[in-house]
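Here subunit A shows up in two complexes: once beside subunit B, once beside subunit C.
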Partner chain A sequence: MREGLRQSMAWLHTWSGLLVCWVLLLIFMAGTSAYYRDEITLWMKPELHASAAATASLPPAAIAAQTVAVLQERAPKATAWYIGLPNERNPVVQASWTLPPKKGMSMAERRAAFRKQNVTLDPASGLEVPQARDTRGGEFLYRMHFDLYYMSAIWGRWIVGICAMFMLVAIISGVITHKRIFKDFFTFRPKKGQRSWLDAHNATAVLALPFHLMITYTGIVTLMFMYMGAPTQALYKGDQQAMFAEVFPDNERVKPAKVAAPLADLGPMLAQAQARWGQPVARIVVNQPNDANATVQLVRPSGQQLSNIEPSMTFSGVTGALIASTAEPSGVSSMRRAFYGLHVAHFADTVLRALFFLCGLAGCAMVATGALLWGVKERQKYAKVVAKGGRVGFGVRLVDALNIGAIAGLPIAFGVYFWSNRLLPLAFENRAAMEANCFFMAWGAAMLLAQIQPSRAMWRFQLIVGALLLAGVPLLNVFTTDTHLGATLFGPAGLRPVAAFDLVVCALGALLGYAAWWLKRKEQKAAGKRAEPAPSSTLVQKEAA
Partner chain B sequence: MTITVDRRYRLGVAARAVAAIGGGYLLAAVASTLLGVLLATLLPLSRADAVSLATMLAFVIYPCAVLWVFATASAGRAWAGILGASALLGGVLWLTGGLA
Partner chain C sequence: MNLLILAGALLAYGGLAASGLSIDRHYADIHGRGKEPAPRLRRRYRSAGWLGIVLSLAACVAARGWHTGPVLWCGLLTAAAIALALLFQYRPALAPRLAWAGAMASVLLVALHALA
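Take a look at the complex of A and B:
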């Protein structure tokens, strides 16, 4: 911009990063938690823990028959039934359905209605589990990371998309400005003020650089047809529905014949699919049940491949005959699906999932240290003014406050979300929405307090509140459920996810506590130095230089 | 003197930001559309594959355009480059009939 390429890229890196970093932190934190969406949901529905602890399970055909019987009773006129069979991450049977949309229903109303149209079955008994508490669990965090909240999903996705583009530009320009990207990765100079923040930013960014680049780009790719409509406009003459039908053929809708016909038994279909695949079916979709045009789609677990394609077999819902199986996708289609798959990491087993989670945390750390670095650098321009008792500029104050509210405030919001799940009365009207409101009320309060008093003490206060909330989660679980750590760690294997949630959240709380303690020590050291007049003035001059 | 320099600088930054965000999007849209049309006609790719690949590449072109806008010597050059490239590619697209 001004001097060489490296300087202009450094400028671009700074500003494209700073402008969106607080929203990015929310997206990164919520998105990282989404790797454990199912586990969070299980933790937040203690009513399901008994079923999760069950060791025996009925055979898939029996589960399917039981579920169909329940659905025939609850939603015989549905346009589709969706049945998720239990797997190692989700121990219960989950069935939901869609009804023909009523006239004049908005998309948001349809989605809200859909959330209520579901039942849960115990895989051991095949019986309906009493309705768990009204919560959206990990789904809320997952949705928030691309839909945001309190606005239409379209608006949220545009905002998230713009932030992701800024992020992409920040990442690439950040790499270009690095002269010694390899060497910097091995450099950490602790306790050196700005330089330490710089090194921490470099280390967290470079360590997981392929992940950051991948997650940002693939995130945009998951919604790319919305963000960039021009190629569709030209190749399909603007007919977006035709494009979607060709690019996403598995989502084809089945039209009803409006002639009643009994649904065939799913048992033989499941047996046929299992014999073909050599593994049990993951999901069942029944389109237009009890109609002459009914189809039954059996979906295989997507397994260990990168591509998120889920091979499926489609049967006639009336005769039970095989109609079609998914074709081998083309090269480009495989690539797009692999990008999608990489983003959601559906293929990740326990270790790989943990690694993705850690990379996500590194992403949070990268965004946070980058934001802090700007404040530290900028404040030095005011070092002399502050030494004379003056005040820092408006921009520094604003960024400091936003940093406190985002970096220390967001963990508080997460903590309050988990606590509200256990403490809000079960009979509360619109309980799930109230939990979400608790998240944002806590975050709003943290942001507001930070704006009023953006000081070291505020940093410490918010870090400690976040630490107590998160580290207290196992304790909260002891007092509000029977599935405390003792039961989940040493009890049946189905409860391990609940234990893992307790432990990981507690560890994150401990990390926040450590940060608060570190700040306190730093302050005491600074106070000690101030007591000796001579070195302190040289220090200020040195930092200003 | 310093005020005018400062103002010039700020205006330059604003001009580049608009060129990067708006102009970059325009260039990415035109370039990816042309690419999609060419892929569908010249290569044995289906329409669905051409549109997917072109749209994916749009988000490689876009950040590159943004970086170039901020790397080039002046805001004027940035605007000229973005608009010139968009016009050129748009012209080719028009010749292929993709703009009809």
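Take a look at the complex of A and C:
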């Protein structure tokens, strides 16, 4: 059998895409939402909304002094303090610390302990905000994007990486196999069955192609030290720590001198950094506070550059003298940083962030339409069998069910995650973990129901449930918080992220509702056609014969 | 700054719309079934299309610099292309009109930016 390049690429595209599409959809949805992880976290912690609404803020030096005072009380023996100063996406002061690791603590235990070692401060008063509810907020979605869940991070990252590599293959083979990429560039023809699904798949893929290629490739780059271990093996004899120390000199651990020394005032350092950068400092890291070897690292807000590592200035924590500024990284290293930076888009302002989000949604739509397309095409092979009252093959049934469970089921899981954040009792033990469990219980239920009955009615049912959950989020907010849309839209600017969350999630719910309505109408039309034997159907039969 | 980004978005849309009109299908959607642009007109559409796309890049880079400017440009092109694909399907006659209006407005916006 001789096959052309296009045919073989079409085969590759179909299978590299289909095999991983349902996990990819999860990765895409989680990743797309993670562009707004700060906003999601703020929405999920209504206890912080009062501080977010503060119209005035103390100067950075005063905030830093207040935060240091709190940290001195809470964690004087910490190995490091991390202070995030307020910005427009995250209007409160967030401080956390790391303690010297206890012997025999596993990585997971250390991570769990670290999650509890934090305080939040009101930017207007500099006072501690009462502990917000136990939730991981947007952090859960962000981590799920590359770690998945219910498995060790390493396993999750390997699975995500393999999916990403399949995706890269699918993108490249898809471009090669797309014959009319330029002629059909802007083409979308609705109401034409398979043709329309193909158009939608092509449009969402081709029009956002720069994003899809970039995000898939840079996604692999973010974890490249894991996927490509050979260089470390060859050059550093497998000693990854030695390699990291050389590649990321900024992250070098500061060793304590074990001699106590008072911490210098951060005010003059902040002023010096602000004078040099022309903008206020974004983050402060104090290494080995209260030790003779203490250092203070001030990090500049990301903005005009792609790199994921923002420039910083390091001061002595005892004398307050400038020790070092970030060195210019080598060419290769800046390349990696730019790729990494492109993926996480910390540099994005409001407009650019919205565009990244839009492209992410296009990616979700591309994966979903691609998965649907396989089912639509394959189903046609069974047209005659089904017409005689027979059944479609096992593969089609399985793919149909997985499609329902992923495309209509995942929005339900997201919706349930947000609802559980508001409805679970505040005193619930391991509340944050329970919220995540709710996500997966909802998704599991959707998947199971879809496997039991993969039908049009199931599509409609799950789409409607997802629509109600997501579109109901603003309403949920009215009944469970004081920061409803009326207060967040017309109130202080610090609450805009909460309003935006309500509106965007509601709009996505409306989109699902539209899809359910569209399915219903299509069914009614099909029923109408069946009722009156249309001449066109006999024509089709003749043509087929 | 934001005026330039808006100008960049309008130029991206205008450029893509002009390129789209050089494609037979979309030209026919507006001017009637079976109509094709004359060769000279098609060339003009294409040149105008490239001009708009390049000017859009210039506006983005002027607004955001060489680091994130091109990223912004890619995003604006994608958003404009999605809008255009929907317009060509559902309101074809509106597509070129909006492109003209956008081109005019972008001149105005760049002028306003220069003055400010």
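Side notes on the structure shown:
By our rule, the second predicted complex is superposed on the first by the 530 of 545 C-alpha atoms of A that agree within 3 Å, B and C clash if a C-alpha of one lies under 4 Å from a C-alpha of the other, contacts with A are read in each partner's own complex, and residues count from 1 in each chain.
By our rule, a contact is a pair of C-beta atoms (placed from the backbone, for glycine too) under 8 Å apart; a residue touches a chain by one contact, two chains touch by 3 or more.
These numbers come from a predicted model, not from an experiment.
Considered on the superposed subunit A, subunit B and subunit C are sterically compatible, since they fit side by side. When the two structures are aligned on the shared chain, A:510 is found in touch with neither subunit B nor subunit C. In the overlay built on the shared chain, the residue A:5 is in contact with subunit B alone; subunit C does not reach it.
The partner that reaches more residues of subunit A, of the two candidates subunit B and subunit C, is B. When the shared chain is aligned, subunit C comes close enough to touch A:351, but subunit B does not.
In the superposition on chain A, A:304 makes contact with subunit C only, not with subunit B. Once chain A of one complex is fitted onto chain A of the other, the partner contacts of A:448 are absent, as it touches neither subunit B nor subunit C. By the touch criterion defined above, A:362 reaches subunit C but does not reach subunit B.
Within the superposed three-chain model, A:220 lies in touch with subunit B and out of touch with subunit C [touch as defined at top].
Minimum C-alpha separation, subunit B to subunit C, in the superposed model: 20 Å.
Listed in rising order, the residues of subunit A touching subunit B in the complex are 1, 5, 8-9, 11-12, 165, 168-169, 172-173, 176, 217, 220-221, 224-225, 227-228, 230-236, 243, 246-247, 330-333, 335-336, 339. By the touch rule above, subunit A contacts subunit C in their complex via residues 183, 185-190, 203, 207-208, 210-211, 214, 304-306, 342, 347-348, 351-352, 355-356, 358-359, 362.
Interface of subunit B with subunit A (complex): residues 13, 16, 28-30, 32-33, 35-37, 40, 45-56, 58-59, 62-63, 66-67, 70-71, 93, 98-99.
Every residue of subunit C that touches subunit A in the complex is listed here, in rising order: 2, 5, 16, 19-20, 23, 25-26, 64-65, 67-68, 71-72, 74-79, 81-82, 84-86, 88-89.
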